[in-house]
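The same subunit A turns up in both complexes below, where it pairs with subunit B and then with subunit C.
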Partner chain A sequence: MKKLKRPLTYLFLSIATIISIYPFFWMVVSMTNRSVDVTRGRQLPGLHLMENLTNLFNQVDMVTALTNSFIIAILSTFFTLLIASLAGYGFQMYRSRGKDLVFNILLLSMMIPFASIMVPLYRLFGRISQTAPFLGIDTLAAAFLPTITTAFFIFFFRQNTRMFPKDLIEAGRIDGLSEIGIFFRIFVPTMKTTYAAAAIIAFMNSWNNFLWPLVVLQSPSNQTIPLLISNLGSSYAPDYGMIMSAITIATLPTALVFFFMQKHFVAGMMGSVKG
Partner chain B sequence: MKKFLLMFLLVGMIGLLVACGNGDEEATDSGDTNDTDQTESTDEGSGEAVNITAWAWDPNFNIRALNYAKDLYDGEIDLDLEVIENAQDDIVQRLNTGLSSGTTQGMPNIVLIEDYRAQSFLQAYPDAFYPITDYVVFEDFAPYKIEATSYAGDVYGLPFDTGVTGLYVRVDLLEEAGYTFDDIVDITWSEYTEIGKAVKEATGKDMLTLDPNDNGLMRIMIQSAGSWYFEEDGQTPYLAENEALAASFEALKALFDANIVRLNSDWSQFVGAFNNGDVATVPTGNWITPSVMAEESQSGDWRVAPIPRLEVEGATHASNLGGSSFYVLNQDGKEAAATFLSNTFGGNLEFYDTLITEMGAIGTYLPGLESEAYDMEVEFFGNQQIYNEFVQWTEEIPAVEYGIHTYAVDDIMIVEFQNYLNGQDLSTVLERAQTQAETQLQ
Partner chain C sequence: MKQLTKKDNIGWLFVGFSIFAIGLFYFYPMIDALLLSFQSGMGSNLSYTGLTNWSRLLNDPTFITALTNTVTYLLIQVPIMIILALFFSVLLNDSTLKFRGFFRTAIFLPAVTSLVAYSVIFKYMFSGDGIVNQLLLNLSIINEPIFFLSDPFWAKVVIVLAITWRWTGYNMIFYLSALQNIDQSVYEAARIDGASSVQQFFKITIPLLRPIILFTTITSTIGTLQIFDEVVNITGGGPGNSTLSISAYIFDLSFKYTPNFGYAATVSYVIVILVIILSLIQFKVAGEKE
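Moving on to the complex of A and B:
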């Protein structure tokens, strides 16, 4: 019985792996096939990779879209980490009357779907455009500003801050560090796994964000990758080989970010603190 | 530890630098556009080009048409058109957000809207669009298009492509079943079903492919009989008493009962079904032509017949699926935008010739349809003059009022048709649909 258990486990794991990897396999294979072959369901690699890539780079401005997506994702990730971790740290470490009430209200805001605040938000940015056009509608800044610091990340950092030993803060105070100094010189380095996990989530969210960039970014020069892909599928006779090439390219950065930070990610999600 | 802190700060600094650099660039950019916006209205006469933007979808079709129009434009107002490509759903989302927030910031001057959706925009945001009634002679357009683009006595949309339908047929498969192409021309849906059974028996292939979540064929059927989901006001649901609708339910069920429908679940499977040679016919809009022709090995096997008709009063062989028109937004640059449309899509014969010869796109401008370019014989379709045929059918499409809730009722019909397929009584199903539509659309 025990002998059987192992092969069965492996069999189950293999099936699960195949199921989860298959869509990626299909994506990569389709990238090398003509559109007609893709709609026919061809599963074997073809010889049209270069043709698809040439079409893609000739038809759309991939480089601009990638650059825009990177700028937005990196800035958004940076500000999310900075502000959310400060807030989470503050909520956990400092005593204040009504702190929990404020925090609960903040958590409630997670319940509001983005679509319902989109119209007022657009109106707001319309107003901003009149006085500060560099932050208003159709700028990269407008695309990431509303997405930094969501309640989720504040919650995430507050939960993880619970694990942070208070003794370290006391030690810092005794050694004469300012409160900001304690945060940046003790808390941040200690919590780097937490930051890594949050960074991955924030980066992926921002990279894949569609709805808000869609409504707020209009000119082609501000297009992000998800918007570009959405456009590719818009024609009456879509070129699936080309679309798959674009999607593969769009998937690479998030995949790379994840692979490089995977170790930290798992540790960060478990909430462990390692010096 | 220190390294990590340094890296964190470094990324931040770089980020900020990039942001500032970018911000500056943006500031000057938007500054420029703002300047032109302000001077636009005064400068129109003095020879400065007016900047206008247009949103449309499909690079091979609408975008190409706009670019041809841009090249051929020779109107009085000097203008510079920027054509921006967006997916159709994205345009709908952007317009809805922008217009309902009441700001014209970031909105285009010209926008392409599908005819089924046009009325919902015109009625929801009556002041947001600019009537172009005085810019174009609308008698020159296919009447069914004018119906779709008018609101409260004014015409708002410049009719563009036709969604005129045809029955794409694989003659080689028909012949295997002992039929010729002529046998499938001008038939009824029940005759179509009979041929379908014979084809399935002889070749094992299905007659057509349908997506159960896409009600296109039902809409084709009812419009071909001059009917729609609504009464003439475009508001009151007209389902329970609608004979054409009942007939289309029966015709569709007969197809399923005869087991000649190959199901698909999305666009790629739909296209795949006929590219693979799995179905003998495709009843749909003429915009499918490029997708059919994509499978070169089937060249010569295809023909186009008029779609079968329903067996009710007023039934025709002409119908429409999809199709869209251009609208002008009521903001700075509207006169330039309307002038651009009227000078090109509104009656430029050379433009319509280019459309048909360069990309096989059929417009709805009737004088343009008389061009000899439409007589071209298409080798893929056994040298049939398919464009000529489509043009004739375009003129015969019954005009119906699409109203503002076409897609809402569509969702109800999809569910109720499934109930009908599962054996429920036809009148029960339609009455329930009527009640649902009435409650939902109030």
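Moving on to the complex of A and C:
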């Protein structure tokens, strides 16, 4: 029995590994093959990578989509971190009964399904369009404004603020720093790893977001990468080699972040459950 | 005392913007959606019509289909994924295992993909001349290709397989980290008492992981109830409406057909009610033994 267990463990884990990795393998291999070869089931790298990439950049506006996605993801990450860390710090460091109640109410927003607020949000941005067109429907700002304040990240920063030594705050006060000065000069630099972990998750969420941009971004010049891939994927005569190049490019940023910052990545994911 | 009130006021400054933004982008829309659910009309020409939308729900076959599909995904996909994730995490929680880091990274890897990107990949893998059919044909498991995506049953299976592929490793990481916090002496004591590994799993591992299993079950339930990206990009809701989810139906009602925001808001409240009911049930089930 004992002897049998080990090989079985390796067998199960190997099957799981093959199933997990195969789609990635197929994606990368297909990127280098012609569409015909992909439909014939070719599993070996081919010589058509440049051709597929040229087709992709010539036939669809990949540059615009990449630029938009990067702009949205970077601004979104920056504001998410700023807003959530200020709030997490505020809730943890300046406690009062009223604030604990408000915090719990904010946490309830995590249970709100996005699909249930999508229509009212669209109406809200319709009204914003009338007074401030640069923030309204079909602007890049509208694509990230509703997503930059989330109870998840406020909770995450509050949890991590618990590990922040209070002595440092007292030291800052003695040095004559203002309360907000203590936050930016002492707290932010000390909590670099917490920020790194949150940044990875925030960037990834924004980079991959599909439903809200689909609702709020309408003109082709505002298209993001997920919208572009979704369009390519629904074409009737798909050019597999070209589409797989687009998907590989879309997956690259998050995959690279994962491989180089695996520890922060997992820390960010776990942030929500750590005691 | 004066000092304290001043500090408290500064505290409100830190949290002020978040309270404003979450109020504006989460709670205000929830109220607006509730009000909308009692209104009818096209686009922004809305007027109060009482419970018309709510009674329409019960007689709307598309809604019933979307609801049934979503609940089917939930009831089949979440348990399969949680059990698989637990299984792999227990296998991987053995420090003498070779290539442990490699297996863990590989099984987690699907979680870095974007939902749209992996959905398109799955769509092509399961197409008529896709790789899955070629494999099954070559292994002589089938004699002619299965048209997975144009068959109401298989299309649902593909969606369940896809979500399971994407999220099993993600949930596994939560269990692994919880398993690593369990004191190994508990298992040693159990072994001395003659407990088999199956007994250890059910009597020690599962009870100690209960909170994290609850957490992952609730987040997965909320996620699957809202499933949208996969349905839209793998099957487009088809064939017919056989894979349509509630979120995809809300999108169609609001932005694809003649916009009917009132009825869309009513459908969306069904998701809210489901989230509340299922979360309460899960808390109840998990809390029972404590």
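By our rule, the second predicted complex is superposed on the first by the 232 of 275 C-alpha atoms of A that agree within 3 Å, B and C clash if a C-alpha of one lies under 4 Å from a C-alpha of the other, contacts with A are read in each partner's own complex, and residues count from 1 in each chain.
Operating definition for what follows: a residue touches a chain if its C-beta (ideal position, glycine included) is under 8 Å from a C-beta of that chain, and two chains touch if they have at least 3 such contacts.
Here the structure is a predicted model, which means the values were calculated and not measured.
Superposition of the two structures on subunit A leads subunit B and subunit C into a clash. Once the two complexes are overlaid on the shared chain, A:Thr139 sits against subunit B while remaining clear of subunit C.
When both complexes are overlaid on chain A, the residue A:Ala237 reaches subunit B alone and has no touch with subunit C.
By the document's definition of touching, neither partner reaches A:Asp175: not subunit B, not subunit C. Residue contacts after overlaying the shared chain place A:Trp207 against subunit C, while subunit B stays out of touching range. Contact comparison for subunit A: of subunit B and subunit C, C touches the greater number of residues.
When the shared chain is aligned, subunit C comes close enough to touch A:Leu86, but subunit B does not. Shared-chain residue A:Asp100: touches no atom of subunit B or subunit C. In the superposition on chain A, A:Pro23 makes contact with subunit C only, not with subunit B.
Mapped onto the common chain A, subunit C and subunit B collide along 55-63, the only clashing stretch among 55-63, 91-99, 109-117 or 199-207. Overlap of the subunit B and subunit C interfaces on subunit A: residues 39, 41, 118-120, 122-123, 126, 211, 214-215, 230, 233-234, 238, 240.
The touching residues of subunit B, counted against subunit A in their complex, run 1-2, 4-5, 8, 11-12, 15, 18-19, 22-24, 26-27, 30-31, 34, 57-61, 84-90, 93-94, 97-98, 100-103, 105-106, 108, 267-269, 271-272, 275-276, 287-288, 290-291, 294-295. Residues 7-8, 10-15, 17-19, 21-22, 24-30, 32-33, 36, 44, 87-88, 91-92, 94, 97, 102-103, 105-107, 109-110, 112-125, 129, 131, 134, 165, 169-170, 173-174, 177, 212, 215, 222, 225-226, 228-229, 232-233, 236, 246-247, 250-251, 254-255, 261, 264-265, 268-269, 271-272, 275-276, 279 of subunit C are the ones touching subunit A in the complex.
Across the complex, subunit A meets subunit C through its residues 9, 12-13, 16-17, 19-21, 23-24, 26-27, 39, 41, 83-84, 86-87, 89-91, 93-96, 99, 102, 106, 109, 111-124, 126, 145-146, 148-151, 154, 179-180, 183, 204, 207-208, 210-211, 214-215, 225-226, 229-230, 232-234, 238, 240, 243, 247, 250-251, 254-255, 257-258, 262, 266, 269-270, 273.
Considering their complex, residues 35-36, 38-41, 59, 71, 74-75, 78-79, 82, 118-120, 122-123, 125-127, 129, 133-141, 184-185, 188-190, 192, 195, 211, 214-216, 218-220, 227, 230-231, 233-238, 240, 275 of subunit A touch subunit B.
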